[in-house]
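Next come two complexes built around chain A: one with chain B, the other with chain C.
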Partner chain A sequence: MKGKKRRESVSTTILAKVPVVEPGHTPATVTDQISSVVLTRTPKWWYAAFGASFLLVLLLMQAVTKLLVEGTGIWGLNVPVGWGFAIINFVWWIGIGHAGTLISAILLLLRQPWRTSINRFAEAMTLFAVACAGLFPLIHVGRPWLAYWLLPIPNTMDMWPQFRSPLIWDVFAVSTYATASLLFWYVGLIPDLATLRDRSISRVRKVVYGFFAMGWRGSARHWHNYESAYLLLAGLATPLVVSVHTIVSFDFAIGQIPGWHATIFPPYFVAGAIFAGFAMVITLAVPLRVIFRLQDFITLRHIQSMAKVMLATGLIVAYGYLTEIFMAFYSGNQYEEFMLLNRIQGPYRYHWYALLLCNVLAPQLMWIKRARTSPLIVFVVAMFVNVGMWLERFVIVVTSLHRDFMPSSWGMYHGTYWDWATFIGTIGLFLSLLFLFIRFLPMISMFEMRTILPESEDSQA
Partner chain B sequence: MSQTMPQHRPIYGLMAEFTSSHELLRAIRASRASGYTKMDAYTPYPIEEVWEELGHHRSKLPAIVLTGALIGIALGFGLQYWASVINYPLNIGGRPLNSWPAFIPITFEVTILVATLFAVAGMFVLNGLPMPFHPVFNVKRFALASRDRYFLCIEADDLNFDREATAQFLQNLNPTEVSEVAG
Partner chain C sequence: MAQIFLRSTNTIARVSIVVLLILGAGLGWLLSAFSRSAYSTDQGVVLKQPIPFSHDHHTAALGIDCRYCHTSVEESSSAGIPPTATCMNCHKQIWSDSPMLESVRTSFSAGQPIEWERVYDLPDFVKFNHSIHVAKGIGCASCHGRVDQMPLIYQAVSLKMEWCLDCHRQPEKFVRPRSEVFNMSWKSTNQEILGPELVEEYAIKSKINCSVCHR
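Let's look at the complex of A and B:
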């Protein structure tokens, strides 16, 4: 017993010192290994994986075409549940995106060196998730060809959007978020595009990478302004990411529906977004590091740190659930109380139980060091969270709407085939974009990896 | 002029290649001590010390981004104020037209948007990008600047620049190679 304890404490100290890059790497080896993923021949499995995801994109296109032809009646929406899969999926996707910004901006400002090997693909994940998220409100408006009415464009009707509505705040928040994420990602890529330009052998690649590298030379002046720009962008993205999900939560909280009208919503939604996003980063990072043999760069230290963030934000989310329960009774409002009891005992109770299992119980495994340092267990827990966070939005949207103030207007809501086809189609879109990204761009930031190598740190000391 | 020999075509400068940042920093210090001012260093990752050793300090970027943020505030709030109070005033139950608390989220988002655009555009402008071609790319080994090598280029328009003497000077700094950068 004693011997075992000692061995564990030894392994604890070793793990605490697990470096963010395995020893023996130099700027040259880091560059060569990461760029070789892009510059060597396309592996066969890539075609299969991309092909499979692209089939789902075709499904998405079919579902959207059907929607454009026949209208939102093909979905399960009806009175009283007028907000269904579209809003659930929108919130789910945009929440996933938030982890990318958190890793690239907030952890940069907090000087966490372990962010370096995961920030690039986490940022790409953000972009693709926001692309999927943006699709839903767009097709949900019913007549997407008139979606520009949401923008403050002078028009022949002489009308402006309602600037006092959270739905219009959403338009500004999400479009700003998409633009800022794209720019942040692209600026981060420029030095690596220059590396690919310099290392490509084929003329076409040289020209294409060279075009996007914009003539980057890595001169002292370049780096100086670059670092300054990168820090400022991180500083701007940090409040932005908090504002985006706060505004998303306002879509609900400003509506006077029991189960939505709560002041806990903004912080609870932001924590949920980070929770879901980290789960998705883990879902991507664990297979990628094995497939591309990047264990030297995405080490157990990263897996462990991400698991800890997932646990911490999961606890905040659990606290949010508790507060919802407490406030429902403390309010003394019969509709609030009924909403909660209906959530626990009503026809959607199994969704609620599954949600508690996925979001509250499963992450508790991450208290155990052995579980936290096993990529497989962390991956499985992350999958639970991915599902759980989708269920959370389902429960918030559907259980609050389906039984409102008057029993005569109660109803049930189920997603139809086309609801599911659209949702699964966006997963295909996300994966397709991700496979393209992995194939054509370095998924780990090479220049930042060079910075955190021990020898570079010596040279700066 | 017609007698100018081919090897005396004007050049952009002389470039020395180093294998470590220590050597690069030492070379910069030595060059500065010898009176060279027009030079630039090229490194595979940002090293703030290099910029300082080259005799520079501040970046203009924070001021540019602040300007962008202020423009964003004015633009975001101005748009909503103008639309709701001046262009299309709509009296809803006597509520104030300038309901500024409801205008804050959009003002905030537009502020971030414009500041971000200024940060990226400012970085490009200050760095002179996009610049598809630059003389330093004439040096074959310069491709390694984006991998693991460190370069120092003393430019020909430096007052102390002399093709032979400067080459000799760089040679003494223990570089891997010194090459002429064609203009």
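Let's look at the complex of A and C:
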């Protein structure tokens, strides 16, 4: 144990030289340890955890059913705040997904070997977050069974969607994102699915894993094609890291509302998305590595690297807040100025203060080496960021709308019980999918981990 | 240990790609065909009416003008469904004892309108105006078909939005001289020349933006 302590302190100083897997592992032990999570008997706590999450899914189903029967009137939406929880939660979830794509695609192209331990579940997180995100605009349209009207498909109305609307751009951005993420995740899984197929005992498992492994035999030709396909997909996914949240920010920036109509929005939103996403990856990684004893694979180096990314993107977000304040006064526009003063002094000021605490102050702890090498502190900071990023979207959406140009039309907005039920329900959906994922699929990429072992040839490159 | 998947699985997997593509295309075709079928549009479907009124007999055989019954077609958004009194103008003299017309007489004496089934039933969010179409030279038959050949009335066209837009985008293909609007059997012989001329003459500016019909 003492030796381990020393190694960790070394890893904080000369990161590049430190292997991303703790020493003493061979390809066989890596595969054994990761696949055993899937192949052994289901632990009792899993049933409890999945059951609890699934209760929240039931709550979600109840809330959505209520919505479909009674309409969006059950939400707190009304003039002047026509956009509320639905868009807040949509942006929050879609932002969370971004870290997965960044880790899997950009860090792959940048040859960052530490991504290998976390890319699989980060990608899964992306998929599940996009699923939760996509739900909100879908149910917000009021008649979801007509949602296909958003797609440019030939129809008896002889109509195209309104291509000038950023909401249509959203449809393309998010559906492309979901498709690319799913493909990338699935292609990355194929060799590991083959491993599971070969290691499964029960015939059902063999057949199911075998079906999805698509006949993977690990021949040289398979690997050759595979590597090209994976790199191509990484290249395709890379622009999505930037484009998706840029387009989401257009939902606001295109609208001529003080507090929305700002050119800083795209970069500020992208940074916020990666910020939120890394916070969520940390939120998941810290407990997972303890529960499944994966500290050898998800090391303090990983925690530290993620904490640094969180700090860096957090600073960009803080710069975004500063720019908003500066531009409000520099513009000389009384409505812009009022919007900002209302944000600081108005009825929603505590949301704004809490947002600054969570998103600007809390991440500053990550400057301190001792803080960012302590999983617990990093986890707590990440939780602050999770909350902070939700508050950020709340502040942007609600404080900009609730007091607009005409004082006679001012109003207040509060989420109703059903708003909260839907939001908490999607958290349950996210967790349920996550629990299913860690139970049935390897949460760390086994074949990629084998390539970065110190003994393997690839790791020398 | 026996293999789970036979060698043929490779072939099946490859073939399944093609099959899925074909199935996808087939499903698209099916949906398209279904949404344009009579089952979905009610085109050509004869509804059960309280009285088997024959447009064929009353117009083609007897020569009654459309406007004798549908009086408001030139001035109003609605063409107008005639009151029972209009029927009785003739039927108090002709076939005045016919058992078929019993319900017409009952309606007249009781002052209770006959409850016809609406054949051209647009959704409530569509605003259609007969008078402007008549005034701009769109014939009855363009939308209602050869009513003079329908013993029992039915919806002659699909009434899908694509059908509306088809004309709104190119009115020159369908416009006719105002004098021929109520002529069921009018056929253009030189529409390529006549159409654009009439569009010019009648100043037809058919619009295709949403709020023209959805207000």
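Quick note on the criterion: the second predicted complex is superposed on the first by the 439 of 461 C-alpha atoms of A that agree within 3 Å, B and C clash if a C-alpha of one lies under 4 Å from a C-alpha of the other, contacts with A are read in each partner's own complex, and residues count from 1 in each chain.
Here is the rule we use: a contact is a pair of C-beta atoms (placed from the backbone, for glycine too) under 8 Å apart; a residue touches a chain by one contact, two chains touch by 3 or more.
Quantities reported herein were computed from a predicted structural model and do not represent experimental measurements.
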Touching partner for A:448 - first (chain B), second (chain C), both, neither: first
Contacts of A:157 with chain B and chain C, given as first, second, both or neither: second
Chain B versus chain C as contact partner of A:215, first or second or both or neither: both
Touched partner set for A:78, first chain B, second chain C, both or neither: neither
Touched partner set for A:206, first chain B, second chain C, both or neither: second
Footprint overlap on chain A, comparing chain B with chain C: 158-159, 197, 210, 214-215
Contact set on chain C toward chain A in their complex: 4-5, 9-10, 13, 32, 35-36, 158, 160-162, 165-166
Chain A contact footprint on chain B (complex, rising order): 20-22, 40-51, 54, 56, 59, 61-62, 65, 79-80, 83-84, 87-88, 99, 102-103, 105-106, 108-110, 112-113, 115-117, 119-120, 122-124, 126-127, 129-134, 136-137, 143-148
Complex interface listing, chain A residues touching chain B: 26-28, 31-32, 152, 158-160, 163-164, 166, 168-169, 172-173, 176, 179-180, 183-184, 186-187, 191, 194-195, 197-199, 210-211, 214-229, 232-233, 236-237, 239-240, 243, 247, 250, 447-448, 450-451, 456, 459-460
Residues on chain A engaged by chain C in the complex (per definition of touch): 154-159, 197, 203, 206-207, 210, 214-215
